[in-house]
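Input: structures, listed below.
Heads up, the next two complexes both have chain A, just with different partners, chain B and then chain C.
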Partner chain A sequence: MVGTPVLFIVIPLLAAFIIPLTGMVWKNSVRIIPGIVLSYMLILSISLLWHITETGTVIEVIAGWKPPIGINLVFSPFSGFFATLMIFLGLLVWVYSYKFKRNIDSEPALKYFILLMLLVTGSVGIVLTGDIFNMFVFIEIVGISGYGLTSFYTRRDSAEAAFKYLFMGSIASTFLLLAIMIVYSQLGTLNIAEIADKMPMMSNKLKVISLIFFMLAIGVEAEMFPLNGWAPDVYTQAPGPIGAAFAGIVAKAATYATIRVMFTMYDLSGAMDFLIVMGILTFIVAETTALRQDRLKRMLAYSSIGQMGLVMVAFGIGTKEGIFAALFLIFNHAIIKGLLFFSGSYLVYTKKEKHISDVNGMGKYLPITSVLFTIGAFAIIGLPPFSGFWGKLAILTAAADSKMVALIAIILSVSVLEAVYYLRVVNRIYFFPKKESMETQKPTINALIAMISLGIIILVIGFYPDLITGFIDRAAADLMDKTGYIKDILTINN
Partner chain B sequence: MDIINIILLVFLAGALLTAFAGKVSSIVQDTLFLITIIVPAILFFLNININSETVISLSKIQLTFGLTPLSLFFAFIVFGLAILAGFYAVGQMQGKKRKGYLYFNFLLSIAAMFGILVSKDLVSFFIFWEIMTWSSYLLVIYNGKNVQQIGIKYFVMSAIGAYAMLMAIVIVHSLTGSFLISDMIDGFADMSAGMKLLIPILLLTGFGVKAALMPLHIWAPDAYSNAPMSYTSVFSGALSKMGIYGMVIVFMTLITKLPQESLIRDIIAWLGAITAAISTLWAIKQDDAKRLLAYSSIGQLGYIVVGVAIGTPLAMLAGLFLAFMHGVFKSTLFMVVGAVEKQTGTSNLKEVTGLIRKMPWTFLAALISIIALAGIPPLGGFVGKWMLYESLITSNHYLLVTLVFFSSTAAFLYCYKFLFGFFLGQEEKEWAHVKEAPAIMVVPMLILSAISVVLGTFPQLILKPINSALAFYGMPDTYNNLWKESMIFNKWGDQVALTPIVYGIAIVFVIFAVFLFFKNRKTSRYVTTKDISTSGEVPKEYENLTFKENFFQPFLRAVEPAMRRQMDKYMLAFAKGLEDLFDFTRRIYNGNGQTYAIYALLFVILLLLLSNNLFS
Partner chain C sequence: MEKYLEILNYAIYGAAILLLLIGLYGALTKKSLIKIVLGLSIMDSGVHLLMISIGYLKNGTAPIFSPGHENELAKMVDPVPQALVLTAIVIGFGVTAVALALVIRLYKHHNTLRIDEIKNLKW
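Our next item is the complex of A and B:
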């Protein structure tokens, strides 16, 4: 074992404090150190992920206070899967944006990498923590670094988007605190496992009210309809790679929180059906809205929201197949939407408004980026032999096994829309004449590395899904095993 | 490793290499392209083994590959056309842009068709089906004309079909616990009545799209006429047959177990016949040869669907025989159009005339294929059509046979229009420079025409594989007593009864023609088409004597009511309506933070109000 889960939190936080100091001595350290930290975290999480296949879940007790009193970090197959995926994507975002804003002297660029690292750290914290108040703190960390990154370009629109995000985020935090207060006043504990254990003791009315508050709070971050109004603006105004980070990291962490709350903590019978309904609503509204967008990043943002809705549906199905499908969709969405944001932002790099029509004829000028965008588009539509297909097959199989025929029909009909708006963009890239003699921006070498590695992963998983189905299977089994989770944490002694 | 995996790998590697070989040299690219088609074909036909199965195990799914006699029959069509169209494509793509793009997608769609045929489980079937869809989609938008409409229409219709199929697949999996096609067939009898109806309908929707069955055909005219002709010959000849392939399986294994069997058969057969009739009328109206052939393809596929849907042994034989014949002659005709277009720069029947002396070999191929298409003896099309009529009459579908007969007769009109438009009529100076297409394009056409001729006389060459294919799915073995099934065959069932007579007449004509030629050899001289006098007036150079405007106008005026309603327009209006509706949902996100806060508030209030109903 190379380390313990607490290092996921400690190292980046420590680095975040040190970086401004080293930055005074050596400017480039500002962007190099976050990369080193993220690589270290990736190595750590992968080795832990291997480690737990043999020993089972790793539970870290902080400062010697055993649960349920102290804070504990849980690196289980389920949370480990999320953490690894998010750190990997965070590292890729770092690789992609290493030369971003070449002028390292510019004030925001200095903060960019620190904020990015904190965004990843907060998200990993949400996933690893076993304490509900601790989760609140990490959600705040993610939120604050998210606001900062959104207003990275100090423009009017960015500020507006960041303000909307802040506005919604504050409402969410308020309700989250309220919900935590209700739970704490009733059960006298903040530990997720103990809350889950004692949940039957809570009166039904308070249970429902606190759950609704949780839903509102986490639903804002998880981009659930109708709480996701902030998301398109943020995705559009934040720098391109940050869009990928929001889609691949923040939304994933919030989805994790949703599942932990709905599935592990609460035992309400309608909760799962509710998740399906909200998921399908989110999916339909977002995909139909995406069809009518005229800006590329907005379209990608709505598509991302729609995909997260689909993930919610898959979780809501609630069977092991359903959770398997949800995790597969999460994986796919992280890598594919990452690729789409990465390549898409180069396709419209030099354009101010970043309209979809700005990609016209880019196939000739940015051949590799265009091919990668096309691969991403095909994959997210769910065409074989790209990885997106397996996720789609998994959710449909899960729905069929639970006898939800209408759900299959809805998902598939909306998928047709998805195909339409993505192919419209691909057609523009290759078959439309370039609009004016505007300059194109060639992708930097590090951006190419990030994009190509994502493209390769999409293809490899498409041809051989077994590379990750093992991890996903274990993660799904881990989530299903609720009593095991409670028992593991409450009986720990070390 | 099994031969099927090797073939698929060769295709994949070859496609990738070919796509990038253009950077090295054009000839290397052409050679690689041809090798990638021919090598798998050779590997396949040297190693035909009906009983072997290959399994690729993934943790959740087992992809199973193997051959059935039915897929073997379709593999003949796919590989045969792929090789010939491949050579043709090399000739046609000389000096054109996006060559690697065409080769790559061409190879990929051939590989996908092969994959469909050897798939024994539904997941790999679907995977290859989708690969076929997107690779053909990329070729439909190849020339970049109106891609947002034509391409998206093709893809949306394909997606609707594919997703209907996917829905059936996951439902079958949930009911039987297996993705194997054979398990679906075995478990079908035990399903509930609703599922028994739903699954075949979903599957038929999926296959109906590719077979261009009305009302799912709206993509076909544009898609066929916009893809490069070298690919359209495969597209119409082989790819559309994948829909037929699926339909044959559904009809033979699933529909037969249904209580509503005859109703579904009648509905599909009628849809096929209506498709044939309407699209024939539309074909007559077209002035562009590509669109004419595209509509003609839809019509011909309609006949095939009629045969397959009726499902008596003779009807099945007729349907599959027509499927093969259609693959042969329609791909020839698309190649002809491609050759004419390459040499003249247009495929408009109004513009191009009198190429018979300029492109004699192309004309020969066109003539033979047109005869086969029209169903005139002694060519293959006649045998198939006769069998189809006879099967419809013997199974008491008199109205249906009238409709089919009508469309088949009306088809003569566009056949004539096609032949006359390009090759006959007066020779114009504009086309004086036109030369015969290069040999690499002409030879595939002639080979295909030869097949048409041979099958007209010896249909048993192809009826035998069809028969064993059908016997595999439980159809009685008809091969040894074909003459009992249809009166067109002679007593031994090995030849078309009429053929000796037809050939006798033909020989008399040929002898007479030769006799005339030699008798008048001395006195005859070469004349141009303007070398005539009408009522004592000699036509001037610029005067147009050919009748090309408003071809068949009285006829079209007569049938106009039948063509007034167009499925295409309804579908487009529907799509437009949907987009407007989505514009409405877009307004939910109005960009105002306060509105979003109100949404959040409403969300909480609503949930609190409904909490008793939602959670318990």
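Our next item is the complex of A and C:
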């Protein structure tokens, strides 16, 4: 073992304080140190993920106060899967944007990498923590670094998007506090495992009220319909790679929080149907809206919201197969949407308005980026032999196993819409004449490395899905085993 | 008379929820960006007051075991909500600071603080 889970939080926070100081001495350390920290976190999480296949869940007790009194971090197959995926994507975002902003002396550029690192840290914290109030703190860390990253470009309308996000985010955090407080006043504990254990003691009325507050609060970050009004603007106004970070890291962490609250803490019958209905609504509304967009990043943003809706549906099915499908979809969405945002922002790099028509004829001028974008588009539609195919297949089989025929029909027909708007873009890339007098921007080496590695992963997983199904299977089994989770944490004393 | 005093015990919850609603009203209906930030801040304060009042005990003592006070566990106020509120206040301060920084940026960009005149993006 390289270390314990607490290092995921301590090291980046320490680095975030030190970086401004080292930056005074050596400018480049501002962008190099976050990369080192993220690589270390990736090594740590992969080694822990291997370690827990033998020994079972690692639970870290902080400062010697045993749960349920103290704070604990839980690195289980389920949370470890999320953490590793998010850190990996965070590292790729760092590689991609290493030279995104060339002039390191300008003030915002100094902060970009620190904020990126804190965004990853907050998301990993949400996933690892076993304490509901800590979850609130980490959601706020993600929120504040997200506001900062959104308003990164001063010449765009980024402050407007960031303010919109902040408005939604701070109302959400108020509701989250209210929900936490209702739970605390009734059950007298903040530990997720103990809350889950004592939940039957709470009256049904308060259960529903606090669950609604939780969903209102976490739904904002999880881009759940109708709380996702901020997302398209934020994705459009933030720097390109940050779109990938929001889709691949923040939305994932919030989905994890939703599932933890829904599955582990509350075990309400009917709550699962609620997830399916909200997921389907999100999916349909977002995909039909994406069809009408004329800006590339807005289209990608709505598509991302739709995918998260599909993930909700898969979790809502509630069987082991459903959760397996949800985790596979999450994995796919993280790497594929990452690739689409990475390559898409180079396709429209030099254009001010970033319309979809700006990609016309790019196939000839940016061949590698175009091919990678095409791979991403095919993969997210769910064509074989790309990894997206297996995710779509898994959710359809899960729905079929649960005899939800209407669900299959809806998913398939909305997927056709998805295919329409992605293939439209691919068609423009290859078969439309280039607009006159438009210069293009060649991707830098590090951006190419990040994009190509994502493309290779999509292809490899497409051919050999067995490489990750083991991890996903263990993660799904871990989530289903609710009593095991409670027992593991509450009996750590020995 | 006894009955009214009984109600007074709950008045603090009412005050907290009133603050929350005032803040929500301000944040949702006001046109000035500064007033929206104020509304968000008032909303936060309402929740903080509610949290503190949940841990409150009449004639309670500080939750510290000191010589001569070992057996007063039942009289001690719950320290957890207070710790939570301290954290929440700090976070609320940070968010307000970021919000005001964004308001300054918006003012420089659009030369106005009225939210209905800032609509380059769809609201």
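By definition in this document, the second predicted complex is superposed on the first by the 491 of 494 C-alpha atoms of A that agree within 3 Å, B and C clash if a C-alpha of one lies under 4 Å from a C-alpha of the other, contacts with A are read in each partner's own complex, and residues count from 1 in each chain.
What we mean here is this: a contact is a pair of C-beta atoms (placed from the backbone, for glycine too) under 8 Å apart; a residue touches a chain by one contact, two chains touch by 3 or more.
In this text the structure is predicted, and so the values were computed from the model without any measurement.
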item: Which of chain B and chain C A:233 touches, first, second, both or neither; value: both
item: Of chain B and chain C, the chain that contacts the larger number of chain A residues; value: B
item: Chain B versus chain C as contact partner of A:171, first or second or both or neither; value: both
item: Touched partner set for A:435, first chain B, second chain C, both or neither; value: neither
item: Partner chain in contact with A:487 - chain B first, chain C second, else both or neither; value: neither
item: First, second, both or neither for A:364, with chain B first and chain C second; value: neither
item: Which superposed partner A:212 touches (first chain B, second chain C, both, neither); value: first
item: First (chain B), second (chain C), both or neither touched by A:144; value: second
item: First (chain B), second (chain C), both or neither touched by A:184; value: second
item: Chain B and chain C contact sites that coincide on chain A, given as residue numbers; value: 163-164, 167, 171, 233
item: Complex contacts: residues of chain A adjacent to chain B; value: 163-164, 167-168, 171, 175, 207-209, 211-213, 215-216, 219-220, 226-227, 229-230, 232-233, 268-271, 273-274, 285, 288-289, 291-293, 378, 383-385, 389, 393-394, 396-397, 399-401, 403, 405, 408-409, 412-413, 415-417, 419-420, 423-424, 427, 430-431, 464-466, 469-470, 473
item: Residues of chain C defined as touching chain A within the complex; value: 20, 24, 27, 33, 36, 40, 43-44, 47, 50-51, 54, 80-81, 84, 87-88, 91, 94-95, 98-99, 102-103, 105-106, 109, 118, 120-123
item: Touching residues on chain B, where the partner in the complex is chain A; value: 58-60, 123, 126-128, 130-131, 133-134, 137, 141, 144, 147-148, 151-152, 155-156, 159-160, 163-164, 166-167, 170-171, 173-174, 198, 579, 581-583, 585-586, 588-589, 591, 593, 595-597, 599-600, 602-604, 607-608, 611, 614-616
item: Complex contact set, residues of chain A against chain C; value: 133, 136-137, 140, 143-144, 147-148, 151, 154, 157, 159-164, 166-167, 169-171, 173-174, 177-178, 180-181, 184-185, 190, 233, 236-237
